[in-house]
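To keep things simple, chains are lettered A, B, C and D as they appear, and every chain counts its residues starting from 1.
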Amino acid sequence: MKTLNVVVWNEYVHETTNEKVAAIYPQGIHRTLADAIQKFHPDYAVSTATLAEPEHGLTQERLDQTEVLLWWGHGAHDKVADAVVDRVQARVLQGMGLIVLHSGHYSKIFRRLMGTGCGLQWREANEKERLWVCNPGHPIAAGLDASFTLPEEEMYGEPFGIPTPEEQVFVSWFEGGEVLRSGCCWHRGNGKIFYFQPGHETYPIYHDANIQRVIANAVAWAAPQGRWPGALNAPHAKVAPEPLGRK
Amino acid sequence: MKTLNVVVWNEYVHETTNEKVAAIYPQGIHRTLADAIQKFHPDYAVSTATLAEPEHGLTQERLDQTEVLLWWGHGAHDKVADAVVDRVQARVLQGMGLIVLHSGHYSKIFRRLMGTGCGLQWREANEKERLWVCNPGHPIAAGLDASFTLPEEEMYGEPFGIPTPEEQVFVSWFEGGEVLRSGCCWHRGNGKIFYFQPGHETYPIYHDANIQRVIANAVAWAAPQGRWPGALNAPHAKVAPEPLGRK
Amino acid sequence: MKTLNVVVWNEYVHETTNEKVAAIYPQGIHRTLADAIQKFHPDYAVSTATLAEPEHGLTQERLDQTEVLLWWGHGAHDKVADAVVDRVQARVLQGMGLIVLHSGHYSKIFRRLMGTGCGLQWREANEKERLWVCNPGHPIAAGLDASFTLPEEEMYGEPFGIPTPEEQVFVSWFEGGEVLRSGCCWHRGNGKIFYFQPGHETYPIYHDANIQRVIANAVAWAAPQGRWPGALNAPHAKVAPEPLGRK
Amino acid sequence: MKTLNVVVWNEYVHETTNEKVAAIYPQGIHRTLADAIQKFHPDYAVSTATLAEPEHGLTQERLDQTEVLLWWGHGAHDKVADAVVDRVQARVLQGMGLIVLHSGHYSKIFRRLMGTGCGLQWREANEKERLWVCNPGHPIAAGLDASFTLPEEEMYGEPFGIPTPEEQVFVSWFEGGEVLRSGCCWHRGNGKIFYFQPGHETYPIYHDANIQRVIANAVAWAAPQGRWPGALNAPHAKVAPEPLGRK
């Protein structure tokens, strides 16, 4: 029996327009991510969705059954329909987990849930990144060493325009001198959100064993432990539970 | 010299369409609030803005000089232009304080900044509310007793669909049995946000001395202590501050 | 196979000195709690420990194997040895869950972990309490209605001298007019902490079906999802992972 | 008129036993810090206190009038009397600001207020540190560039055993590859706490212009905006504010 319904969403544009990216992810970033999650969690039902599909592959019906959604987007954030963003937000508030990857920091859905600009500094210079674990017992860091490196990554640096994370899982060091709060947790409504910075499309980041482990761990961490169907409601409580009119 | 630029925004619809409300606030809720703030802070420059004004009275130029904005809205949330909401959000992220009052919990700007649904239970039954101070030393609670009452208020009750407050200043008890986290603080970017629940338009809430004191305190608390003009930017940091290429 | 090691700690003084309490909890509050948890989770290994046992029943060896600890204390907080408090704190930081009940708000271990005074208002007047769920999808609130009542409980009221909770699960309404943040979550190190207010010894609170459900839910929620053995260390990192001396 | 009473506490041991440190701080770290704060805030009353003074210079009477306390300690944490730690904690809960510097992360008072171990990695290797501002509008970062460097500092690295900061003002990059959440804010009771990592005694860190600016800014930020004298109380509220006995 499949124990968790996971959907990996990818805008899937670079892979079809840039040879370098296509060579790294011939079937798309979503496929690589889905395979990695499946490898760690053979019991999960992991599927994918992309921008070009009708309703971006995220119909209400499908989202209603999705328990954890991963989001990778970069150049086409503006092409994501607001109605789909509304729908994803509603599901997060009800309890669906959301893992936002790399340039997804600038997606409509992440900015919607954070309430802030979510900007940061960036530079493409093939530089080394070292990720440090801030809480070695955190389930998202399970199985990792104290730190691990990526030989080449895009630099994403502070200031990162987010609300203060509720849990800080990773902070990153970049060769060029910058730092980033690169693994951050929040709740919104009944949903858990994890932002994880690595994943620039021109490097084989999602083939890295540590990165795959983090993402697989994060999916398990974000699994809903309950559901709040009325997370968007404002009910009229006509009848008071305690007697009125004592004045 | 005026030490703080404060703007009280009110949708100003009930006062022009409902006799009962007009009797309580003949010049509008905004006027009563502005006068109250001015009474506590004679050195502040307090002005008002309403929905019907061009750009709802919140031009970019005016917002750029506004240091604390108060927001009262109820039935016309949808009539607030998205462009104005964008602009207010940007100013909050840069450092402008925002005080959201009563049914403003359901305004576009509050939901935008929270990232959640912001729903709650409600009932209009003329019931007594008692507000408790959770931190007697908090500047927003300065000058208050341990608790104070409103003889008649609309009930707003939990669950309140907000991110966990960073500081809890008030929790309310209602005669009919409900409770609410009725005074809550957050940061978004460099701006401070305070939500304060009392203020249903058919009761003279904003004429109450304790309520006026809380709002005047909150304006002082929310005053910017710095400004982050680039809160919405994502700058390209072309040149690394530390040498690259050591590999 | 037992899936979670749970220890219910109780000072066990009132039950042996007060007839009324003995009648409600003939085998002690710890026994009633342990039985309730076992009923909901037949697969857990639930045992008990009390103040009078050697090392209060909390030897290092036993704590090392404890995954969730519940704590009920009232009149004998000062009799708990500091060495045992140190030991419990260390285990929480490493990842052990801790459920603090009722007057445990004033225990050494809770105040140690919070860093604050943890005081609150109180009154014994047989008054009705109504507990509201702030997040209906939270795993600790699973299976509950929007609110539930206790016909008679000691009043515990705000201001409650705690750091702002990271998650607010319950807020309580008391007949006499007070309110309390009565179900609160925090992390300390890698451990999860839940404070739950109901449980005055002269009322049969821990026989209540809703209360038992909350406590059983909380134990599952607090189960460690990882372990940080070095949570109290400050290691000398003699060798830098990146080359020094580039200046 | 003096507008803020500030006390700089220093254990003052290295300066009297180590020639290198004495050369950098001939009158002690406390004197250098006090002079720096006074330079930025001529209107503040800035004084000093040290371990060797009776009651470590922190009598109840003096603390009652202290509005912001700075704390530098390293090798003599254990020599600080628990009674003085109790007293400092009580004042923080009532509203006194506390700035904890460098190795003060391991002081009794900081660990008491955090509730955690407060450990971190460390290395003395004369390495470059770069501090990044996470919120350029934060009052503690006023007047700084996006980042600034210290040519030589002791490395303090993650994992840092603290509760998640409520505001992250600085994150540091170290030449040797580590990172640290190096400027962190919390509330405890009504008091504001700021931890700031730079300040190893064998480097002239507290003579650095940026460091002095941060510390002066932090003192202003931590100034009490109210006082909660009863922060440690648990009052018996004998009389219910609302009528009982309606059942």
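Just so it is clear, a residue touches a chain if its C-beta (ideal position, glycine included) is under 8 Å from a C-beta of that chain, and two chains touch if they have at least 3 such contacts.
Since the structure is predicted, the reported quantities are computational estimates derived from the model, not experimental observations.
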item: Chain whose average C-alpha position is farthest from chain B's own; value: C
item: Result of counting contacting C-beta pairs for C-D and B-D, higher pair; value: C-D
item: Rounded Å distance, chain C centre to chain D centre (Cα mean); value: 31
item: Inter-chain centre distance, chain A versus chain D - centres from mean C-alpha coordinates, in Å; value: 36
item: Overlap residues in chain A, where contacts from two or more other chains coincide; value: 130, 135-136, 147, 157, 159, 164, 166-167, 173, 177-178, 187, 189, 228, 230-231, 241-242, 246
item: Residue ranges of chain A touching chain D (in the complex, touch as defined); value: 130, 132-136, 146-147, 157-160, 164-168, 171-174, 177-181, 243, 246
item: Contact set on chain C toward chain D in their complex; value: 89-90, 93, 106, 112-117, 119-123, 125, 127-128, 151, 155, 157, 159, 161, 163-164, 166, 175-178, 186-189, 228, 230-238, 240-242, 244, 246-247
item: Chain A residues touching chain C - in the complex, by the definition given at the top; value: 94-95, 130, 135-139, 141-142, 147, 166-167, 173, 187, 189-190, 221, 224-228, 230-231, 241-242
